[in-house]
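To keep things simple, chains are lettered A, B, C, D, E and F as they appear, and every chain counts its residues starting from 1.
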Amino acid sequence: MFLQVVNPNTTWAMTAKIEACARAVAGPGTRVEAVSPAMGPPSIESHYDEALAVPGLLAEIEKGERAGADGHVIACFGDPGLDAAREIATGPVVGIAEAAMHTATLLGRSFSVVTTLGRTTGRAWDLAERYGMRGKCRGVHACEVPVLSLDTDPDARKIITEACADALSEDGSDVVVLGCAGMADLCTRISADLGVPVVDGVTAATLAVQSLVTMGLATGGKRGEFAPPPPKLYSGLLQDFTTSR
Amino acid sequence: MFLQVVNPNTTWAMTAKIEACARAVAGPGTRVEAVSPAMGPPSIESHYDEALAVPGLLAEIEKGERAGADGHVIACFGDPGLDAAREIATGPVVGIAEAAMHTATLLGRSFSVVTTLGRTTGRAWDLAERYGMRGKCRGVHACEVPVLSLDTDPDARKIITEACADALSEDGSDVVVLGCAGMADLCTRISADLGVPVVDGVTAATLAVQSLVTMGLATGGKRGEFAPPPPKLYSGLLQDFTTSR
Amino acid sequence: MFLQVVNPNTTWAMTAKIEACARAVAGPGTRVEAVSPAMGPPSIESHYDEALAVPGLLAEIEKGERAGADGHVIACFGDPGLDAAREIATGPVVGIAEAAMHTATLLGRSFSVVTTLGRTTGRAWDLAERYGMRGKCRGVHACEVPVLSLDTDPDARKIITEACADALSEDGSDVVVLGCAGMADLCTRISADLGVPVVDGVTAATLAVQSLVTMGLATGGKRGEFAPPPPKLYSGLLQDFTTSR
Amino acid sequence: MFLQVVNPNTTWAMTAKIEACARAVAGPGTRVEAVSPAMGPPSIESHYDEALAVPGLLAEIEKGERAGADGHVIACFGDPGLDAAREIATGPVVGIAEAAMHTATLLGRSFSVVTTLGRTTGRAWDLAERYGMRGKCRGVHACEVPVLSLDTDPDARKIITEACADALSEDGSDVVVLGCAGMADLCTRISADLGVPVVDGVTAATLAVQSLVTMGLATGGKRGEFAPPPPKLYSGLLQDFTTSR
Amino acid sequence: MFLQVVNPNTTWAMTAKIEACARAVAGPGTRVEAVSPAMGPPSIESHYDEALAVPGLLAEIEKGERAGADGHVIACFGDPGLDAAREIATGPVVGIAEAAMHTATLLGRSFSVVTTLGRTTGRAWDLAERYGMRGKCRGVHACEVPVLSLDTDPDARKIITEACADALSEDGSDVVVLGCAGMADLCTRISADLGVPVVDGVTAATLAVQSLVTMGLATGGKRGEFAPPPPKLYSGLLQDFTTSR
Amino acid sequence: MFLQVVNPNTTWAMTAKIEACARAVAGPGTRVEAVSPAMGPPSIESHYDEALAVPGLLAEIEKGERAGADGHVIACFGDPGLDAAREIATGPVVGIAEAAMHTATLLGRSFSVVTTLGRTTGRAWDLAERYGMRGKCRGVHACEVPVLSLDTDPDARKIITEACADALSEDGSDVVVLGCAGMADLCTRISADLGVPVVDGVTAATLAVQSLVTMGLATGGKRGEFAPPPPKLYSGLLQDFTTSR
């Protein structure tokens, strides 16, 4: 089984970390490859960043399809481009926010999300609503560590752990969900420190896609909403990466 | 007052029609200019099309800002890029789906949406949910006329009118919402034929933005979620249209 | 275009203020006339007040219809008598709460309402629920300035501004909605003081009705729920009980 | 114990029928008196009718209070004036729609409402939403027998029974709720004919108020929303407009 | 009329108290008998306790049926076994949580629940959701007095009263619901001390069942979901109390 | 890794089939053992059946814990005893309905459930609501094949396949969820016949538990709602299987 993990920002150091976390949980027969798009923002911290990341992300999904990927993970907590990716992929596609939130609901009554910047909390609430988790998600909390400082700030783990403790206390929730792919490597340690389940979406989504492929399941609605988009002549600069369809 | 209407597909004939409809309702002191992006799909009929249209749309919003636009309309019924546009615009930004749905709720208990292809109905439901209209939107119906055939198919108006009549009957609703910017010119005629209010989002959004500007209102949350995105170095092909920020 | 604004309480000083605010935003071709009923309470601060205001309000709507009004605004934040008014008016009817709440959702993720007395906050929540805004309305806050003191209390603006600031801070919302027609004249100043969008329902509803009339739209459901009520013989005098309290 | 049942329309024949149904279920120590207002519409079949019925209804509640009523029933399926009545009554006040819907939920997973005219179904949905019953109310169906024909039309019971059967079949529900006080006397017979529980709000509300008084319970929130409204000088005559239609 | 009240724990002292409270409100023609199962936990303070209490509870319902009970009350605030009891009883069955919550909504806009241990608050929220009360239930609060200490702890009433006062203040609600059958005898006193309506589910459910029987109403859906379960051969130790079917 | 799958009915032939399906998808390092309780009903087709199955199910969970199970699957589509099992298990516990529904949402916009008897559809809706899937579950359909006939009725697969086709057509959904553990072996074939994703909960839950254990995740809330229940003296016949705690 070959799973592609797309980190939709262009920071390959983060991509490598994500790949390591995904590989650490994948089964023995599963090959995992993580990639970043050739174009897009170095980190996704606004609706604008997300919008500009999606075309490059979709180009990678298409490359992954040609390379024979059996399934795809979108490794950004905003689940950017998920619906579009499901149209163009033959196998399953899972976003890390949806995987993490679904996983959290198997572990208790409620969860809290701890994410990077405050300006991204709205998007997390959007997704909670979309996934039917509005009642189970008790809070979305920002630690105010920017995405690209997660690796460079020596206090990052400490700050995030404290934000998780505060979130649990304030929300009275049972589980923490880490709200950024760049936090994937911290998950086990924070969980041990706090003594509560802490869910990382990268591992959750990798295992979810692996499970779907194991069960022979791919995106439905292929005769309707999720059918492959009909070929069109896309104009302008975007053409370079879309003519490959 | 200068309002920019962005048709996010690249079909300028449709842009001209949209501009005419918007101008027909704007006040005497309001200048309306409609544009299409330099890049993107000729029509938006899938999640994939929408994803590829957004970067070009945002580039036009940025151009409109530099040209002194007081407000912006996004003239595609999926309201693509709306959150991102609100981050980069100083004045208000309104999507035609949100404007049409809000308008419809002022006219009765419930409404039905009639859109183009069946594969786009899911997106309309997403928006109804997002705008708090899940209970008021009784149905989303497809007439199966593709966007670019709205002008060329001689039977288009007849087919859409019949779809509206069927929707009203099936849903027991009070109002019809037209689910595509390309239907804007048909609105008055269909309403007259059916004897019920029919709402077109292009005119509704143009008037909504004009009203917001008149009241001196622009997007809030400018210290948080909708603050201008901090400058970043965007890599790759997308750079051309983003370096202007 | 002739728009009627009905202030459903009997305090004509407040009616004059409302009229001025409505006229300030109406387009050059729009005539705006504000009226109060001949009967009813001097201010609406309870469910009881509202119930007694509605018959007089409906009588004014009927007078407005006979005078050729193209549309009507109900200028009380409880949106009293809205459904009944839609039955008897040929043109559109918009309440200031619904107009303000819909407007607020075009400006951000969430809003807070600041109203007069605490006992009226329940009604504001009822309306938020009815209009599909339960998730977007983060709080309804009372400044405890009675309606008729809005003009006479020299500290009124200061108290309301502070209540708005507290609401924004407590709720983490993007926009403020003023919860009383009597606050209409304070809107611009409070918005300037706080640096956030502040929505007044009187201007929002006036512009909404003007837009509906411009688009040729009136209340739907005229063959069903909003059909004119069939003539009936209403018995007795509604007079006696209103002097007995 | 003295319970007042207010039929908010002015048709005393219907009031007598309602009184008989209420008395038939009241306990041996409970005195039940039904009244109609001196003013208002002969039947309530529109939002307009309801609005004009409420002042007279409230006057009767005030009379009942002065006569020592321990609790009040509002015997119209739109539950008109319920919030206002709770402000002015010292004892509990229950509407027949709320009583019937709450009762129905004790009897199964879901219920269907069968009411008089189609134009009133919207109000029933409003109440289902307000009472948290949106998921349990599977349908609101009109038999198109006007309120005042319930007694005079010899086919009324047959038509209503058929509408109930159709509703059960179409909705797959467990219980029928009769959506008009004027159907109270038909309840037992229809239930026997159909072999399913059929709930009449008049008896349900009478027993609910009797239970509340037995438990010593009255409306809460008396320091806030449901406090007695402060005295005000209500102006004018509510008379003129009611003969003008 | 003969009503059976089942206290699903095995503590007969609590059963006697429950019986006294139920009898205190029942009408003159109503006989009330309270029982505990022969098997099960001495108190219900976890999902595990509840699961083990249900078979014994159902055996008592079956005994009550054979003894001619016209209706049944399940006197534990988790409403355990309610759906199963409705399948096997011919008359109505009401749980004390559902009765208390429905009653509370007749008394104001919102209520707060005060229960025993914090670990049981989740179940109360489950029921609020199930009964459509999610918006009306403003909070579920634990006083941390275990069920069996309600009678033995001399400070129990004081602690619960303080928890009720805190709940009202924190939630801004109009009504308190007591979240344990063992608090039934404290209800009147707490209500008097706090000056707000306090609802006890034991009395509320007893009166609700009495009302249903008076109206001739029993569980619907008897041809579907709530039909008597077909006879089966139950294996193992459970056989003793199930062979009686 | 050792996973226990509990079939809560006492039909071991079905347990063997479930075990085979679970083993077919488990990873190479995962041992799967399926068991049935010593006591309880031979099939679960009513609320009553479910209630009587739970104590035996919980006894098996406790046995599994003592045998060193790392996680547990509850293999009945009603997810009976799930909360209680989470209290007593140290590792994760997943029900097949929750696993199937979560899985289905990763595959499209909406799903339909096809279950055995019509009387069990209510419970499936309960679970959809509980898991936040009310909007995504478009329908619950019964094929009216009893649980124990799934293996013996030669037409079972054909009937179920037709019910799935009808459900997809009627609901316009993207995915089918099989609503009974006894259908697990039919999943792949039905999916192939219909050309749409068909989700079986047994395999979905087995993989979900395996994933949770791989990530080191177990039930949270262990200091509150899901803490081990304190030891109590359970009376009566139930003692035999509870004294082991």
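Simple rule for what comes next: contacts are C-beta pairs under 8 Å (C-beta built on N, C-alpha and C of every residue); 3 or more make two chains touch, one makes a residue touch a chain.
What you see is a predicted model, and the numbers here were worked out from it, not measured in a lab.
Undergrad: Comparing centres built from CA atoms, which chain ends up most distant from subunit B?
TA: Most distant chain from subunit B: E.
Undergrad: For subunit D versus subunit E, which are copies of one sequence, does the interface use mostly the same residue numbers on each side, meaning over half shared, or is it different?
TA: Over half shared, hence same.
Undergrad: Express in whole angstrom the distance between the two chain centres, defined as the mean CA positions of subunit C and subunit F.
TA: Centre-to-centre distance between subunit C and subunit F: 53 Å.
Undergrad: Just curious, how far off is subunit F from subunit E if you go by their C-alpha centres, in Å?
TA: Roughly 29 Å, centre to centre.
Undergrad: So what's the Cα centroid distance for subunit C and subunit E, whole Å?
TA: 44
Undergrad: What are the residues of subunit A that contact at least two other chains?
TA: 86, 109, 122, 129, 134-135, 224-225
Undergrad: Spell out the part of subunit E that touches subunit D in their complex, as residue ranges.
TA: 25, 27-29, 86, 92, 94, 98-99, 102-103, 105-109, 131-136, 174-175, 188, 191, 196-197, 199-200, 203-204, 207-208, 210-212, 214-221, 224-226
Undergrad: Note which residues of subunit B are touching subunit A in the complex, please.
TA: Residues of subunit B touching subunit A: 10, 37-43, 45-52, 54-56, 58, 81, 83-84, 86-88, 118-122, 126, 129-130, 224-225, 227, 229-230, 232-242.
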